[in-house]
Amino acid sequence: MSEEKITVSIVGGSGYAGGELLRILLQHPHVRVKQATSNRNAGQSVSLLHPNLRGLTSLAFVSTADLEPCDLLFLAMPNGESMRSIDRWLSLSGRLIDLGADFRLKDAANWKKWYGTDHAAPRHLADFAPGIPELQADRIREARRVAGPGCEAIVSILSLYPFIKTGMIRAGDIIIDAKMGSSQAGGSPSPGSHHPERAGCVRSYKPTGHRHAAEIEQALSPYAADISVGISATAVEMVRGILVTIHARLSDPKMTEKDAWRALRSEYAGKPFIRIVKQQQGLYRYPEPKILQGTNFCEIGFEKEDGSDRLVILGAIDNLVKGTSGNGVQCMNLMYGWPETCGLEFPGLHPV
Amino acid sequence: MSEEKITVSIVGGSGYAGGELLRILLQHPHVRVKQATSNRNAGQSVSLLHPNLRGLTSLAFVSTADLEPCDLLFLAMPNGESMRSIDRWLSLSGRLIDLGADFRLKDAANWKKWYGTDHAAPRHLADFAPGIPELQADRIREARRVAGPGCEAIVSILSLYPFIKTGMIRAGDIIIDAKMGSSQAGGSPSPGSHHPERAGCVRSYKPTGHRHAAEIEQALSPYAADISVGISATAVEMVRGILVTIHARLSDPKMTEKDAWRALRSEYAGKPFIRIVKQQQGLYRYPEPKILQGTNFCEIGFEKEDGSDRLVILGAIDNLVKGTSGNGVQCMNLMYGWPETCGLEFPGLHPV
Amino acid sequence: MSEEKITVSIVGGSGYAGGELLRILLQHPHVRVKQATSNRNAGQSVSLLHPNLRGLTSLAFVSTADLEPCDLLFLAMPNGESMRSIDRWLSLSGRLIDLGADFRLKDAANWKKWYGTDHAAPRHLADFAPGIPELQADRIREARRVAGPGCEAIVSILSLYPFIKTGMIRAGDIIIDAKMGSSQAGGSPSPGSHHPERAGCVRSYKPTGHRHAAEIEQALSPYAADISVGISATAVEMVRGILVTIHARLSDPKMTEKDAWRALRSEYAGKPFIRIVKQQQGLYRYPEPKILQGTNFCEIGFEKEDGSDRLVILGAIDNLVKGTSGNGVQCMNLMYGWPETCGLEFPGLHPV
Amino acid sequence: MSEEKITVSIVGGSGYAGGELLRILLQHPHVRVKQATSNRNAGQSVSLLHPNLRGLTSLAFVSTADLEPCDLLFLAMPNGESMRSIDRWLSLSGRLIDLGADFRLKDAANWKKWYGTDHAAPRHLADFAPGIPELQADRIREARRVAGPGCEAIVSILSLYPFIKTGMIRAGDIIIDAKMGSSQAGGSPSPGSHHPERAGCVRSYKPTGHRHAAEIEQALSPYAADISVGISATAVEMVRGILVTIHARLSDPKMTEKDAWRALRSEYAGKPFIRIVKQQQGLYRYPEPKILQGTNFCEIGFEKEDGSDRLVILGAIDNLVKGTSGNGVQCMNLMYGWPETCGLEFPGLHPV
């Protein structure tokens, strides 16, 4: 850790993930934000689109064509775009963290199955380390390229991992019921994001066939070859946040909540952004996305049904922080050997 | 009142005002909805855009070109459009109720001042009766063409009228602080209506220079030549509803709340859609748009500041019902001699 | 159907279910509301607590001690209270509709298991017909006493019934993931209902062990002896409404969505309050509680996962209407031979 | 600035202001939080009530009786309580910052007028410096006791001060229309805070007679002897935040927006927590509480009405931060000569 700061640029700085990167990196002690691109908003002040940054920065967006070399490049682009210019990004920066989907799936055929197009850069797939610090810290420390996971994927993977690794739950029978805030759909207006339609909704926008199933199965298959997850996603009234209610079955119905505690603690003791939440008292007895807004925490909880093999696992994150940008910064911290929590200390608000 | 139903068609059936008209008219005992136009959605089921009507109607949208003659035509179009085809509408139907702005201002110069374009049909302006049943019932009964008022205008006019007419407040010093739901901006997505931006906002979208000032001054000038209102409009987290907090000054500081009661009662006794709300107890002591959703009520209340000449007048409506479509139906009821409340009996929900 | 109206009274008129009963019954063409009790608010105007009824009624609450005989008595009391005075209710009225839990479970031992106390009137349990009109219309028509189901129970039962009856899904492996509005917890303030804590939450308040499982299993066991449901309930930002996302498994993986359509249509064709919702287009492609506020509809939809035995069934209602009071009125309509939809015609609002 | 930390304790640590103090102080580089009191929750973990602090602190509440001496004591108690034990507080700590109302008004008679009771410690009133750093930084630097202003008061005072000081607006004719989030009413449940009643409301809870008028007039009277403000307060759907829409009249109608800019800049240049917001573009053109959640900023904007003497001034804060606890920490920073922004660097979130 030195006094000198690295230079970081962001491709796709006008979206919500780009905005969160800016918020975090502008206050990161080891980083100087060099450039943020937005072809549509080139020349305009960053704070025009991210009004929380008013007065904090005088940075203006540049077009992608004007990107200069830097120490680390964050890619925060719509799915399918970063792979098309991968050579350009690599020519600009030795280190890449891609927050989009392009380099998450290791198998190009899997990309085609879920995203519907041929992969444009399949030979690069193997170079990207999976960006899940709690599972892959050593690999990320050594990596020069990292692919950040999808927001529903990371909270589901973190919630399931200890139970899958220990074989506590039946890997072939997992249902993830995800409740999602509106920011996960990005910053572009659409009929479905129009406030009178979206406000107060409880909308089944993806009852089956969710792409993140592929990522979750890929991440957990080393621990259970028969892993199979079904996702149903529902939009609820919330801007930031995800809660996954995971419906699982115990491998052995005699297992107890103590076993579940043990599994979680043995994997996650000392992990700074994992909070195991299962309280007897208070209003916030289980993971709750509301109080995680702006934080990099992933809260995980569980409850076993009396007299049944049912185990309900609960996971909550802020989709724009632990689900995207904060997690990317955590990866960066690992890559550079800085404290994992550097720049990510915001504890969240209550009430909010 | 006969068994036979009149035929009513709607130009602009896909917007929010059009949807509310459909909801009300489909259950109106004296009306048969003949056609609803939407050039963009011609051929599609009305209930695709207005999902609350699923199962209630098999009506499909037609294009404007396919409109047929009917007994009464509702115009629910963007401002500036109905005037451009006024001859067409008149050829189709002897009776017109325009819910848009085009025929509200009696003076074409005033239109140009506030809407920025020349008026396309100035010679028709005098033919439209102002659609405020509580002030102009006799004129509406005789009218063949009615111009429904703006939503902020009608709630402000109804709230101010008794106080202006009696001279209780100083007509030259009136501030209307309007709190608005998101549906008043219509059904088209925009950056400002994008849920992550609009949700939870308290946004000063029109601190000064609001067009509805012209309508309010026009409606009240017969009672106070020096009428002058300033409007500041703020968008709040709500889909339907307006609350106007009107900051006024008593002409005579010795006037009391009893005088205010008297003024309201003498104008509004027996008016079925006016509710005077000023309670000592309970949670809903003043007008509250929340419980008026779906109803045609206008709630009016007030409070005098102790030891001051300040009188605060409060008015609340559902902008899509009493502010637009329900009020239009009320005008129709008057035109045909039906009970004023016909089709408008929904009392609203609590809690909601 | 005669011109004469029956007299109906409500025990527990100050709560949310009581308020909805009042709203519906005050506009019901065959009913005169005689009395509504509230021991705490006796003597006060009904509209003080139910402000949507301002101007619609001059009724004041009476204490339970002052209840007089009537033709039909609705009981809208906290769980465990109506059974303690069952003889009193029967002495006042030949017909009873209990909206609480006391007479729902046919087996007194089952009551004790789920509610923790001895049942106070077990010999009356057999006299109450289950109040699910879509399943038990004939029995309700003959009944003098009806027990309305729980709100999560009725939407789950209606959503599951066609699939269970036809054996399409595996009855022993059903997960109900329920998203709930705040009004289901009733009208009494608590730390958990305090706005700064409850607003915007996505809170797992009952991950396992939900009482309504007992009702659902009781209602469906005639069609599948091995029925077993697990419920996880999550509070979301909404006042009225429930969405259940039911995670089921097909008995035969070769079954198709056409089979599901057939099962639903064969049971529900002609049922006025069931809407099957599965659209290719539009924003409201699946059941959506947002647009059902104030209505007695139950929307049911489904989606099969490609290449899997997963069937997701979706059900939505307004918990205070089809989930409680509207459904009770529907039962009353059946008991008296009136049209099933009488007083329940409100189609709901859009947008809202 | 030394390595050694001061010890700070909080009386009233379980409320929302106490929670915000804890959040800020636990990460403050020069502070060690010694104790936080809650008589009701003594012995319980601080993070049980403030779940955002889970994992950040192992502090437990103590009862007030167990308070020990410390370097600085924050008082975060209900109005009227801190004055009753003022001698105790002074015996425990040489420095006091009271976030409640007790020591805000300099004149004990004024206290009685607005709060209805005799002041219990009038001789201490003169010892408390008014806690408005932007107006009174020098006095706060010298002070040992500071009285933090009310949340509506501080945002109104900061918004009005430059205009009053320069005589730009008529001091005798000021209307403050305040839009308030639910957290300003504190952490105790009440019928009015019950989610089904409070959600989505636009409720005139104090149309006239608001106590904060006294504070505002006291703070600004040195600059305009005839200052007189009327406040109308409306609760809107929001947990944190205040927007004040101030309706003012220019002293000289020829004054322009340039004059307003000049007045604001000359007072607030270099003030780290004041942001002047008046943009031609973007969605956040005026002050907006939504994006200030968790921050210590006060955004101020304005608009002059064309052809009129109307000036609308807009001010926004987070009521729990700049409105209460963050402002208190800012005062502490001044008292100790630390950078004014120490511990208060959180820039806020977007979207949120």
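For clarity, chains are labelled A, B, C and D in written order, and residue numbers in each chain start from 1.
The rule is simple: a contact is a pair of C-beta atoms (placed from the backbone, for glycine too) under 8 Å apart; a residue touches a chain by one contact, two chains touch by 3 or more.
No experiment lies behind these values; they were computed from the predicted model shown.
**Q** With centres defined by CA atoms only, which chain is the most remote from chain A?
**A** Measuring from the centre of chain A, the most distant chain centre belongs to B.
**Q** When B-C is set beside A-C, which has more C-beta pairs in contact?
**A** A-C
**Q** For chain B and chain C, what's the span in angstrom between their mean Cα positions?
**A** So the centre of chain B lies 36 Å away from the centre of chain C.
**Q** Determine the centre-to-centre distance between chain A and chain C, using the mean Cα coordinates as centres, and give it in whole Å.
**A** So the centroids are 39 Å from each other.
**Q** Of all residues in chain A, which are in touch with two or more distinct other chains?
**A** In chain A, the residues touching two or more other chains are 16, 183, 187, 191, 196, 200, 237, 239, 283-284, 288, 351-352.
**Q** Of all residues in chain A, which touch chain C in the complex?
**A** Residues 175, 177, 179, 191-192, 196-197, 200-204, 207-209, 230, 232, 234, 236-238, 241, 243, 245, 247, 283-290, 301-306, 308, 310, 312, 314, 316, 351-352.
**Q** List the residues on chain C that touch chain B in their complex, please.
**A** For this pair, the touching residues of chain C are 16, 19, 23, 26-27, 48-56, 183, 187, 239-240, 275, 277, 279, 281-284, 288, 291, 293-295, 297, 345-352.
**Q** Under the touch definition given earlier, write down the residues of chain B that touch chain A in their complex.
**A** Those in contact with chain A are residues 16, 181-183, 187-191, 193-196, 198-200, 237, 239.
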